[in-house]
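First chain written, first letter: the chains are A, B, C and D, and each begins at residue 1.
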Amino acid sequence: MQHVLPDERGHYGEFGGKFVPETLMTALEELEAAYARYKDDPKFKTELEFYQRTYIGRPTLLYFAEQLTKHYGKAKIYLKREDLCHGGAHKINNTIGQALLAKRMGKKRIIAETGAGQHGVASATAAALFEFECQVYMGEEDTRRQSLNVFRMNLLGTEVIPVTSGTRTLKDAMNEAIRDWVTNVETTHYMIGSVAGPHPYPMMVRDFQRIIGDETREQMLKIEGRMPDYIIACVGGGSNAMGIFYPFVGTGVKLIGIEPAGYGLDTGRHGAPLTKGDKGVLHGSLSYLLQDEYGQILPAHSISAGLDYPGVGPEHSYFKDNGLAEYSSITDKEALAAFQLLSKKEGILPALESAHAVAYLEKMIDKTSKDDIIVINLSGRGDKDVQVVADALGVRL
Amino acid sequence: MVVTKLNRIDEIFKQLRATKRSALMPYLMAGYPDIEASLSLLISVAEAGADLIEFGIPYSDPLADGPTIQAASEVALTTGVNTDIAFDLVKKAREKIETPIAVMTYYNAIYRYGLERFAGNAAESGVDGVICPDLPPEEASPWSEAAAQYGLANIMFAAPTSTNERLKKIAHMSRGFIYCVSLTGVTGARTNLPSNLTDFIGRVRKVTDKPLAVGFGISQPEQAKQVADIADGVIIGSALVSLIGADRETCTDAAAAYISKIREAMDS
Amino acid sequence: MQHVLPDERGHYGEFGGKFVPETLMTALEELEAAYARYKDDPKFKTELEFYQRTYIGRPTLLYFAEQLTKHYGKAKIYLKREDLCHGGAHKINNTIGQALLAKRMGKKRIIAETGAGQHGVASATAAALFEFECQVYMGEEDTRRQSLNVFRMNLLGTEVIPVTSGTRTLKDAMNEAIRDWVTNVETTHYMIGSVAGPHPYPMMVRDFQRIIGDETREQMLKIEGRMPDYIIACVGGGSNAMGIFYPFVGTGVKLIGIEPAGYGLDTGRHGAPLTKGDKGVLHGSLSYLLQDEYGQILPAHSISAGLDYPGVGPEHSYFKDNGLAEYSSITDKEALAAFQLLSKKEGILPALESAHAVAYLEKMIDKTSKDDIIVINLSGRGDKDVQVVADALGVRL
Amino acid sequence: MVVTKLNRIDEIFKQLRATKRSALMPYLMAGYPDIEASLSLLISVAEAGADLIEFGIPYSDPLADGPTIQAASEVALTTGVNTDIAFDLVKKAREKIETPIAVMTYYNAIYRYGLERFAGNAAESGVDGVICPDLPPEEASPWSEAAAQYGLANIMFAAPTSTNERLKKIAHMSRGFIYCVSLTGVTGARTNLPSNLTDFIGRVRKVTDKPLAVGFGISQPEQAKQVADIADGVIIGSALVSLIGADRETCTDAAAAYISKIREAMDS
């Protein structure tokens, strides 16, 4: 089955679209046109591939986790090592792509939103490399909790603007970035960090991230001579999951996205819109999201800042409703245990986000056999999370 | 149930056009500064000379709004106001005033409430139109149809960045009037009008003879006067909201006085 | 000129040797024998190459720093991206090698010393992967300053033992590790983290690190079709420098090692034994070191913890005295400036150690021309140093 | 200047062998607990029955030593003691005692001071031998030669981990006696003697008839007695150092009393 969404209007079935102020519509049309023009342009592709290879460090490894496999004694477990990307996460795949596009569009300035700072740092990195002026919106609460990342962005030449509205976290930072964009739309490119936002972002970010899946497919065929049986990835906005899923859609490989169940799905303190949310519009597209009966957005919770978002990319909503992927969830506690397990068994500290995907092994490995193959997308490294993990485990540093 | 009587918004613009006057269109927010006061404000502002009132339902993520309305929304939401209560306030106001009322809210509040249900309840409460800042024409059809079914005007936005092509589409689809955003930016009082406003309004005029109201940034009587000279309606949002927020005790009178002053300047 | 040192006794001219308690001599002989046996063993080499490729992520990139090159407008500048290694520094090249050897020697336990924690984390990582029991000695002072790294090692299953003797820093941790080794020599492999210590360590660690230079040579020939003119690397113990230098010794390429000048060479608060030290014996080998007239070891100082060591690998002393490489030094302040420069220009935060090598550009680039090629060994990433840099720049986080 | 008179160390072992007794060899440290006291200790310990005194020059990085001697070294270094002062203390002690004295220090202290200079000054002060725990036979030749030139005994170490091959080399090279490390480990008092000590000493005996002294871990009179039965010398280090550190005021008497007690046990 060939999957050919979104449609011309940026819809994935009933999801997606462009729900933004009229002021931005022309900019979105321009972006769409520019992207359509360059995405298959040989020079653009060559340049993108050049930076993927020489700067990001692609291809990243597809690593056979021998110790972890031994530990469970069931399916063979592989890790796609996005944590080895420059910067330590998959986010840079997207920001380098968008920066190259923004350069061609003649933009001089980049803005971005960030939660814990991963996408902010990735944006600042791309901005430094390609000499853009860059400003990153970050909830005031987050700037305090993640002051090291704020300084990291500053070192990269980016100004971080603390956002004091709403819940002062990621979703408000995104609101504020959109407000900036509305105001400075002619000079500025808005660099969205996941497969969320109005069309063409979910499509474009997916395309920049699908390199993860393309490589995985090629590497798996080379190593094992066949396709994997399962692919597991965490879902915040959904970009790393979409990136690794996309080339496998419709091939029969089981695609499993893991949302953060936070304190537990029943506590109401989680970040699992696909599992527990309702359809609605947030940040420019229609998708599942956490909201009350009047459509007011509810705050998300996850121990992992990168998954702490009340929405999700619209294509995942489509995948869910059409059975192209399954979605499940993992609590903070389960993610913490997986963080520790992978560290001990493989000497690899996963990002807490990625630890959610690793944790899902506990729930599904029993139904696999030694002949099965699982790929987990290790979307980022865990060094950024060591303090959070220590706090959660009650270790005083 | 299809409402067939002529919409109050069309009515008012017909009247104003006849007298070559522009509409004064203040923005108020349900639940701001509190639920009761927002009802008194509806009435006093109407009586002070408003031709049409935009009545905002506060939203958690008002991404087209500047700091003033964002802050007001946060306050309003803590009062427990919601869509039903907002409709109820309109219904109560209708006991006293006949001024057209357009509810302003973000699309998710409509979508989640249910398009038909929203339109039906709004119309039944005496609401005349709906303004939804994050619903461009590409996505507007389902809502437009639901609104039309209940005789509600779906008022759409035109922006300086809109191409002529888009302006045509917007004008064609918009009912009641067209909300012309004076500048690229969010709501919020500004001291000067954008220099290219006349050109922009001219561009919109070329594609439609529907009434054009200008909003975003207007706060001073002189600005209102200047806008009134080129457009069919003058929207006053953040300036009024911030005046209301400054002193809750006296806000009803202060708002009325401010609207009278603007009215005066516009009619001068 | 073929460089064939050390001699049979582990001497590099007058440097090197085995100055350790008699109790350890047999262990050193065994290690020497095991290493001699396996280093050219095809199975060992294949396994080492397997982990280099599939776990560490080798080959690392040789990256053309276009923005930095533009900034100076002189020689072309390349960066050897050891910061992209799993774990974030070159240290893992050595620990994986030693762990594979220790496995073959039948050892069950690994001990290591660490300063700021880089080598400790790399040792803990290798220990986790190959299921060794692991204990790491770390100065008590350092365990406090680097508590995140302590916890990181704990997560990897390693126990960190705070060392309360002497200056409570790296050199004392090394003393303590040697004491442990003396006590448990039969079951335990001591994993030294640099080209220091008694023979065969300086040779063995060099051999495990020379992959950096071997790759650089091959990559440079492929990219530029010729050898570089200069190679610059920072020198703490000297392993990253030796690793990249070694395959270029005697080829005419100018090899430049950069020691930390700390507060300034004249302040006495630095870590530059090659520049300002005297010959002596520390931790098992004869080399240049910081000491007083009675041979008491003097504490080193550098803003970068990984360079904060009063000794240096003996082969560097030999290189210096025989003109096979030049050595210069860079102050804390200069390194900080280079840290900021590289972050802004290339979007790459270098380790403060590596920033010393980058900083040397300021001193030498004027005498280069656009036809020249410089390679800088970017031995590690700077994320670990963000707090230190903020403190040094007076930024409150 | 080559010193030709018979070394006091050879002399004492000759005497002891003749009487079938073992040497009692306490360890003291220059500058510990302070400079003056370390001189008094040299004398009082000698008078209490020591056959040979190891006199440590404190070192910044004593990697063969356990916590007791490490801590003592740190204290001693703060007194300003150094190699010259240590030699001077020996010279002063020589006014009162003829007990053989072997200086113990790490190789860098010798190397940096200068091999010839160290040997010359040591010999001139009345030092009889030098014990250097980080100088194995492979690296010992330059120092052995310098020491020999000044009639100093270069005393070398044998360890339980040493192969028979190595023991031969060590025995051949060592002068005065051979320092047999009782166990794999660092200095420090232990409650039990290692079970394989007899075997180890046996292995060394097989390759040499030079005197064998055993050190590392001996603290109790009974242990000293057991060691005296199989070896030619009993080295008491950390136990004595920690006794001295316990009470500076009375340390001279306490050390003397302790040595007498050991002496008694050994001779019983």
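Going forward, a residue touches a chain if its C-beta (ideal position, glycine included) is under 8 Å from a C-beta of that chain, and two chains touch if they have at least 3 such contacts.
Computed from a predicted structure; not experimentally measured.
Trainee: Taking CA centroids for every chain, report which one is farthest away from chain B.
Mentor: With centres defined by C-alpha atoms, farthest from chain B sits D.
Trainee: What whole-number Å value describes the gap between the mean CA coordinates of chain A and chain D?
Mentor: A distance of 67 Å separates the two centres.
Trainee: I'd like the Å distance between the centres of chain A and chain C, where a centre is the mean of that chain's Cα atoms.
Mentor: Going by mean C-alpha positions, chain A sits 35 Å from chain C.
Trainee: Touching at least two other chains at once: which residues of chain C meet that condition?
Mentor: If we look for residues of chain C contacting two or more partner chains, we find none.
Trainee: Quick check on chain B: which residues sit in contact with 2+ other chains?
Mentor: None at all.
Trainee: Chain contact graph: line, ring, star, complete or other?
Mentor: Shape of the chain contacts: a line, open at both ends.
Trainee: Could you please write down every pair of chains that are in touch?
Mentor: A-B, A-C, C-D
Trainee: Of all residues in chain A, which touch chain B in the complex?
Mentor: 9, 17-27, 165-166, 171-172, 175, 178-179, 182-186, 278-284, 286, 291, 293-297
Trainee: Which residues of chain A touch chain C in their complex?
Mentor: Touching chain C: residues 53-55, 57, 60-61, 63-64, 67, 81, 84, 86, 88, 124-129, 131, 147-148, 150-152, 154-157, 339-340, 343-349, 383-384, 386-387, 389-390, 395, 397 of chain A.
Trainee: Inside the complex, what are the residues of chain B that reach chain A?
Mentor: 59-67, 70-71, 74, 77, 82-83, 106-113, 133-136, 138-139, 156-163, 166, 170, 181, 184-186
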